[in-house]
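For clarity, chains are labelled A, B and C in written order, and residue numbers in each chain start from 1.
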Amino acid sequence: MRAPTCLLLLAFVAGSLFPYYWAFLVGSQDAVSMTGATLVPGGHFLDNARRVFDTVPFWRALGNSVVVAGTVTVSTVVFASLAGFAFARARFPGRDRMFRFVVATMALPTQLGIIPLYLAMAELGWAGGLQAVIVPNLVTALGVFWMRQYTLSAVPAELVDAARVDGCSLARAYWHVCLPSVRPALAALGMFTFMASWNDFLWPLVALDADHPTVQLALERLQSGHYVDYPLVLAGTTLATVPVLLVFAAFGRRGLDGAALG
Amino acid sequence: MRRQPWRVRALAIATATALITTPSACGTGIAAREPGAPLELSIATFTEFGYEDLLIEYQQKHPGIKVRHQRTGQGGTYHQQLFTRLGAGSGLTDVVAIEEGHLSDALAASRLFQDLAVIGPRDVTGNRWLDWKYAAAKARDGSLIGYGTDIGPLAMCYRVDLFAAAGLPTDPELVKPLFSSWDSYFAAGDDYAARTGKPWFDSAAQIFNAMHNQLATGYFDTDDTLVVATNPAIRQNWDAVTAATRRGQSAGLTAFSAEWEAGFRAGAFATKTCPSWMLGVIKAQAGPANAGRWAVTGAFPGGGGNWGGSYLAVPKQSAHPREAAELAAWLTAPEQQIRAFARTGNFPSQVEALTSPRLLGTVDEYFGGARTGELFAAQARKVSAPQYKGPGDGRIQEAVVTPALRAVEQGTTPEEGWRRLVQGAEKIAR
Amino acid sequence: MAAAGPGRGEDRPVRTRLAPYLLVAPFFVLFTVTGLFPLLYTGYVSLFSWDLVGDSPGFVGLANYAELLGDDRFGTALVNTLSIFLLATGPQLVVAVGVAALLDAAPRPSTGWRVAVLAPTAMSVVAVGIVFANLFGPRYGLVNAALAGLGLDPVDWQADRLAGHVAIAVMVNWRWTGYNALVVLAAMRAIPPTLYEAAIVDGAGRWRRFRHVTLPLLRPTLLFVVVTSTIGGLQVFTEPKLLDAQPGSANGGASGQFQTVALYVYQSAFETRRLGYASAVAWVLVLLVALLAWVNYRLTRRMAGVDG
């Protein structure tokens, strides 16, 4: 990387990471308030982390979040890539109209969607359990949209048509022609889906009961007083972000560079 | 039929379109229990109620009962969840906690709660609680929807060092005259501001709300008519508070914001309306460096007042209302609430608990060794009969009055602020 | 797929016709429950006077929509939303493409860079709220301290309308620029190097290569980014809620000076408790978002597709 490029990127990354550093700074203080916040960490991060585990069932919450985000991620990647491929490269009546409809559904603000969704989940008998947050997110319009667009640019129509002429079924064409080319998009979608599911708050708050906390719900419970114990809360949020960054790193290493570079 | 017919119909239409093939009608009636299986009760609370040990003990005393405790951190998120589930008709626990500020909404929906006077244990009667605490949980139809847990009797906190610098008295006994009435309070504020050029209180809304709760009639009269625009006392309070604000008495720091918290450290204001639980907030925010600089005195302008405290209620969704009411009754007994007080500092609302030696012996070194147990027990008895709270009362205070006063602090004219108050209240009340 | 053995000649036409529908079926089945049902239900509720916990919803027809036309709070929220949208989404997309191009310039951008760029999106909302409340505090905030250090006047992020919009745009951009950069980067990396080599042989400079090779091939991805950012930008909810000094408030500042439409929907549903009215606002928002997303879609197609 050339020097100016590197400097520009460094500046961008510094801005991106500063709030993390600040959160860590406060998370390493021993006072309850932000009195001691300076630009040097305070050395109490591990104590605060221990208090997080003592205060809320953090391991159980981590387990639940891994189950929820993991299931949602795998399922979204599979179903979105199937639907994205069909919308991009299969020819069938009503295709474009159906697709436009998919995109249009993203326009409903989620804050209002939670009431009808809760009614539906209660009626199905799922409210309270993890399935209430898993099932509605098994595949998203955003994922389908993304996979369609990427397939359009990465999988030439001629290639698919040639495969079809050779007698390939649509499913085989998906498997042999489309899938190898869209690997980077799958990795990106996996990262984004995992993250969105991991950080979701409003819907899990309404849908889950106390026996099934996700990490974000456990973090909310750290703020249980007439005042916020900032070092405790920010130590907790820092801990909660670690798994997401690990998943980012794993996905990033695996596929993001894609087939173009072999 | 427990669920409203329109909701069932709406759902039926919707589910038909949605091609959901297995609509299981989850029963909300009295569930049949297999003999021998433990009865499971659930209870939901927010912040700290101090019930952990008590619930373990309750299960030991009642081997046939298993209690699940659902805890939420913040009151705001908790009550949003509570009212969403109340509206959806399912998902609530057998016992739910309701904070005083949200009580008016629960009272307006009293048909969704059990009347504890009917299904609760016979020996639990009104004289367990302070009169005003008990009366506030009575709905218009006379049903009792909640058992009181704790209260937040109001006193005044003030900065000793700032008072001294302004030439005001500093001894808790000697400052009492400053806090004898709202007139004397604002006069002292003018005095303080003139001598120091600094604000007297944290925010206009904190003062207005305390004044408002002392009125005989609040935003609604007892037949649920909104009287904001016609009750002269409200307008008088508004004028007094906004005038003091314009004279520089308000620090303009919104309660519970990051800046407000920093204000305790920085000495951004000299006095604070102080419910019992506020002592913990001050200690945490002002920090050890300011120990001894804050003091508390057993006086409050205009008599007494209360801010905060909760109730335990049993929603009609509960499949085990009688057992749930029994649990709520046990938890709100004086003996139990004294133990919760020892654990969390939540001030008990039970008459008997207020005379317990444990409570009366409480001393707070941070506030110059004040005998805070005695002080707040005395303040609790100064609270007059509760003001009637109509449907949406708490939301008018939070979502309309507080922003309107903030706007005045930010430069909006009191006249325009008042217009917004009336308009906003009408929107919520209809 | 493996079962496609002998006898395919007969059933193939039917299967071919059905196959695409089978591929999109999982999405549509799920979507019916989680997308269509809420959408229709919201539309249905918007025709009623419906209290969140009340017991007697009355049919009011289009009265909620009529009321909306004269509601100045809605008007304010609409203007705020568009203002924040312009301040946030435009700069964000330009910077995102720039960052993606910078990362793409490296032969193999390391995982570390990418994780760092994406990190803001991963921060828990609780932490975002605490951090930015302390950055944008009017009196004790870090940003104003920095401004004072530069000899500038402090800005009242809570009281001033435009300053509030700027603070929200900063939060939005901080959270989402890296995300969009990585989306664009993923598409850039998919462009076969041979195309660039051919362009270099033809004597094309850096800018011409970007304009005539990269941009057209990025078109589908840019469309995705523009449409999703438009939707997300017009539904901004979390950031203005976090900026408000009154915890939990949906008022968007003391005078609603930075209340967005999505925040107004929330306030109408959960504070004013008028579910019917909130649903009407939500439906208008849906139409507005769809319209603007469509306009931006057309614009992007034209801009990126000249030689496409």
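In this text, contacts are C-beta pairs under 8 Å (C-beta built on N, C-alpha and C of every residue); 3 or more make two chains touch, one makes a residue touch a chain.
Chains and their UniProt names: A, C = Cellobiose ABC transporter membrane protein; B = Cellobiose-binding protein.
Model, not experiment: these values are computed from the prediction.
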For the chain pairs A-C and A-B, which is connected through the larger number of C-beta pairs in contact?
A-C
Per mean C-alpha coordinates, the chain lying farthest from chain A is B
From the mean C-alpha coordinate of chain A to that of chain B, what's the distance rounded to whole Å?
37
Centroid distance [mean C-alpha coordinates] between chain C and chain A, Å
15
Where in chain C do residues touch two or more of the other chains?
33, 36-37, 41, 130, 134
Contacts with 2+ other chains: residues of chain B
14, 18, 20, 74, 77, 80, 84, 87, 262
Show the residues in chain A shared as contacts by 2 or more other chains, in ascending order.
34, 115-116, 119-120, 220, 223
Can you list the residues on chain A that touch chain C in the complex?
1-2, 5, 8-9, 12-13, 15-17, 19-20, 22-23, 26, 34, 79-80, 82-83, 85-87, 90-92, 95, 98, 102-113, 115-117, 119-120, 135-139, 141-142, 144-146, 148-150, 152-154, 169-172, 174-175, 181, 184-185, 187-188, 191-192, 195, 198-199, 201, 216, 219-220, 223, 228, 230, 233-234, 237-238, 240-241, 244-245, 248-249, 252-253, 256-261
If we count contacts the way the header does, which residues on chain C are in touch with chain A in the complex?
1, 4, 15-17, 19-21, 23-24, 26-28, 30-31, 33-39, 41-42, 95, 99, 102-103, 105-106, 108, 111, 113-128, 130-132, 134-135, 174, 178-179, 182-183, 185-187, 189-193, 217-221, 223-224, 227-228, 231, 235, 237, 262, 265-266, 269, 275, 278-279, 282, 285-287, 289-290, 293
Using the touch definition from the top, list the residues of chain C that touch chain B in their complex.
29, 32-33, 36-37, 40-41, 44-45, 52-55, 57, 130, 133-134, 137-141, 156, 158-159, 245-251, 253-256, 267, 270-273
In their shared complex, at which residues does chain B touch chain C?
4, 6, 10, 13-14, 17-20, 74, 76-77, 80, 83-84, 86-87, 105, 108-109, 111-112, 253-260, 262-263, 266, 268, 392, 395, 398-399, 402-404, 406-407, 409-412, 420, 427-428
Residue numbers of chain A touching chain B in their complex, please.
31-35, 114-116, 118-120, 122-125, 127-128, 205-206, 209-211, 220-227, 229
